[in-house]
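Next come two complexes, and both contain subunit A; in the first it sits with subunit B, in the second with subunit C.
Let's look at the complex of A and B:
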């Protein structure tokens, strides 16, 4: 772990250039995941580039249109305790509050958590439900990637070697909307067996205008369940929720590991998706009808 | 290649030359002899290595020493006031909240950060605050009682009486 060069760039551009010049450089944010990989000799970067010396990557801002921008270096604790997120994007504060233990939440960042691409990570299902977009800077170009296109495999993303995630953009949520993040885990601080993010928006007649659903822990990447869009355009009832839940189960292809078996995970996807959509609807101000 | 850094630990500045791959925990224990901070799991799960960074509990086993520059670091060695145990430390002694003692520095630092934010926390809040710190002796009940007592304004008064 001693054999790398260490850099403290002042700008994102400088950091991208440092990455371009390296063979297998890594960027350091909170360190909660990266330092574990370094210590266990799972990665051997020739360069470590500390992003915390770049100013302006830890802001949380709501623009006049209601779009939320979260800097990639915002810590889980910052998101959990942000009044604007608690008030308007409760699902994100909820996901942040369930990540690991309080001291890790004082260190880990949302950008680091996303780019680490652990399929059981807590933020991605919530961000998928919110249809977040990721702003990425490279040495030659910048681009914005919809979160459901970001993850490619276990711990793999579409990021090029010279690219850095700088900002997470969340589109405005109309009122009333309800969002919920449900986590299935063994103890308070343990890794998610499954994580479900669900968002539902309603119009004045209580017809659904938008529904988003993300599932973590059920496949090599967090899943975006497209069938949830079938809830839009009409009142949400238990039958349509059940149809979405079975679509989510079909899309799941989990593994068995020490935390849970493949069958258990698949079974629980159905149970928890139903529960999450019902709770999202309740938070939007409506009870689900059984008819 | 070594890097020259200055760390502020328990209010005092330390000038050091460290390899960038060394963790804050390694530098505290091995270079500075501050062995009150313990190494347990070395992967951020157990909380034995907890220190306060600008007043907030963090895992020193997952922070590179070069990355801790410019922040106020507090270890268990910095908790006593004027040579006397801090009231949280006193409460741990009085309540028998120490068994083998390995988790104690982390527990006390987490409790200190909690009481500075929430001077009189409820049991639920205390449980949440220490949820990232494992006690292999499983003496959690006494630890919670000690933190609860230390948060009470009457605690020291009755001790003196």
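Let's look at the complex of A and C:
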């Protein structure tokens, strides 16, 4: 590893200021991704700014309106085992439980994972399906970014050099709702070949009131499949699910690598989107109808 | 990995050929290519920068034109190294020009690129996609430069 200055700020503002004063400073959260890059000598930051010394960034809170707030420093394991998340946002606990291995889940944080912007990461498809918003602080301003606007390319985001992700906000889910995260991988510990997050909410007449869908591993960034909103306003049937699945396939432009070919990934987007939407509907308490 | 591109420019083949042999003009169309200097007959030295997310590469490269058949065929090799990343880049490039009609030329190029070392370990698939983007940007720039320039130049 090359030499770098190491800082332990006490506030987010201090951390942002430290970033503005550096050439190519990096923010350290859990270290599950950053330390790998450092140890492999792929990045050479002049400063490492550890966020773990800032209080209040690791809370999971549900406000009275049902909106969930997850601090950026919450570890994957905290999310996987949180009773409120397990009960109200099962899809997130499910996505967390499928990230790598237990030691990594005890180390990596949701904020670190999102900002690393790996297109195959497990949280983004689930967060896209939930229409999450990301709260970001900079040295001069704070802003909130819808997650589908956050990722710009492989490992790249809209974050400015002085900005730090502090909080993930998830809007309330009406009851009944069902959410599912499906992961296609070679082994349970491996990186996702594809990750699909799907959420469906129903009204009393079993008409769909909300549907969200995120696809990871199929493009340089996680994809938000907007066509899923066509499910809303009527009962969900197999034909409408198939239409959404083919829209997702059309938007996919994956890469080939040792894990899977481009064609296989694209084909599996269709298969898994259908499966995820059906399962989300079942978790909302309804079976998919064939007509 | 192989980068291939085929595109048509509304410029006569002789002008395209002249452009290809003007190292500085050509290099200005290669994204991330800087400081091109002649290094003997048909050889050049240059710096090439590339970035994927947090990872930046900075290659010092040597380009040798190994074969040419004016005004239609040009073969070159490229060797480079990034000492910070302990990585090497080797490429074999072929450019074919075909006059479709007076004032219209088809440009085909094919590069076979190998990246070894630490950068080589970093997701071949992603690098391939990035390389394709670089290829497309190169084609766009060449077309724009050639078609924009007055015909006398």
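The rule we apply is simple: the second predicted complex is superposed on the first by the 290 of 291 C-alpha atoms of A that agree within 3 Å, B and C clash if a C-alpha of one lies under 4 Å from a C-alpha of the other, contacts with A are read in each partner's own complex, and residues count from 1 in each chain.
Just so we're on the same page, a residue touches a chain if its C-beta (ideal position, glycine included) is under 8 Å from a C-beta of that chain, and two chains touch if they have at least 3 such contacts.
This is a predicted model, so every value here is computed, not measured.
A.B. asks: Using the superposition on subunit A, decide if subunit B and subunit C clash or fit.
C.D. replies: On the superposed model, which is not a single observed complex, subunit B and subunit C fit side by side.
A.B. asks: Per the contact definition in the header, classify A:107: touching subunit B only (first), subunit C only (second), both, or neither.
C.D. replies: After superposition on chain A, A:107 lies in contact with subunit B alone.
A.B. asks: Could you figure out whether subunit B or subunit C reaches more residues of subunit A?
C.D. replies: B
A.B. asks: Does the superposition put A:155 against subunit B (first), subunit C (second), both, or neither?
C.D. replies: Second partner only, subunit C.
A.B. asks: Tell me the contact category for A:117 with respect to subunit B and subunit C: first, second, both or neither.
C.D. replies: A:117 contacts subunit C only, not subunit B.
A.B. asks: Taking the superposition on A as described, I'd like to know which of subunit B and subunit C A:174 touches: first, second, both or neither.
C.D. replies: Neither partner.
A.B. asks: With the two complexes superposed on chain A, say which partner A:66 touches: subunit B (first), subunit C (second), both, or neither.
C.D. replies: neither
A.B. asks: Have a look at where A:35 lands relative to subunit B and subunit C in the superposition and call it first, second, both or neither.
C.D. replies: first
A.B. asks: How many degrees apart are subunit B and subunit C as seen from subunit A, counting from C-alpha centres and rounding to the nearest 10?
C.D. replies: Between subunit B and subunit C, as viewed from subunit A: 100 degrees.
A.B. asks: Between subunit B and subunit C, report the minimum C-alpha distance in the superposition, expressed in whole angstrom.
C.D. replies: Least C-alpha distance: 13 Å.
A.B. asks: What residues on subunit A does subunit C touch that subunit B touches too?
C.D. replies: Touching subunit B in the first complex and subunit C in the second, residues 40 of subunit A appear in both lists.
A.B. asks: Show which residues of subunit A lie in contact with subunit B when the two form their complex.
C.D. replies: Residue list for subunit A touching subunit B: 1-6, 28, 31-32, 35-36, 38-40, 48, 50, 52, 77, 100-104, 106-107, 188-189.
A.B. asks: In the complex, go through subunit B and note every residue touching subunit A.
C.D. replies: 1, 3, 19-23, 42-44, 47, 50, 53, 56-59, 61-64, 66-67, 110, 128-129, 131-133
A.B. asks: Can you check the complex and tell me which residues of subunit A touch subunit C?
C.D. replies: Within the complex, subunit A contacts subunit C at residues 26, 37, 40-44, 117, 153-156, 220, 255-258.
A.B. asks: Tell me, which parts of subunit C touch subunit A in their complex?
C.D. replies: Going by the criterion above, the answer is residues 52-55, 84-86, 118-119, 121-126, 128-130.
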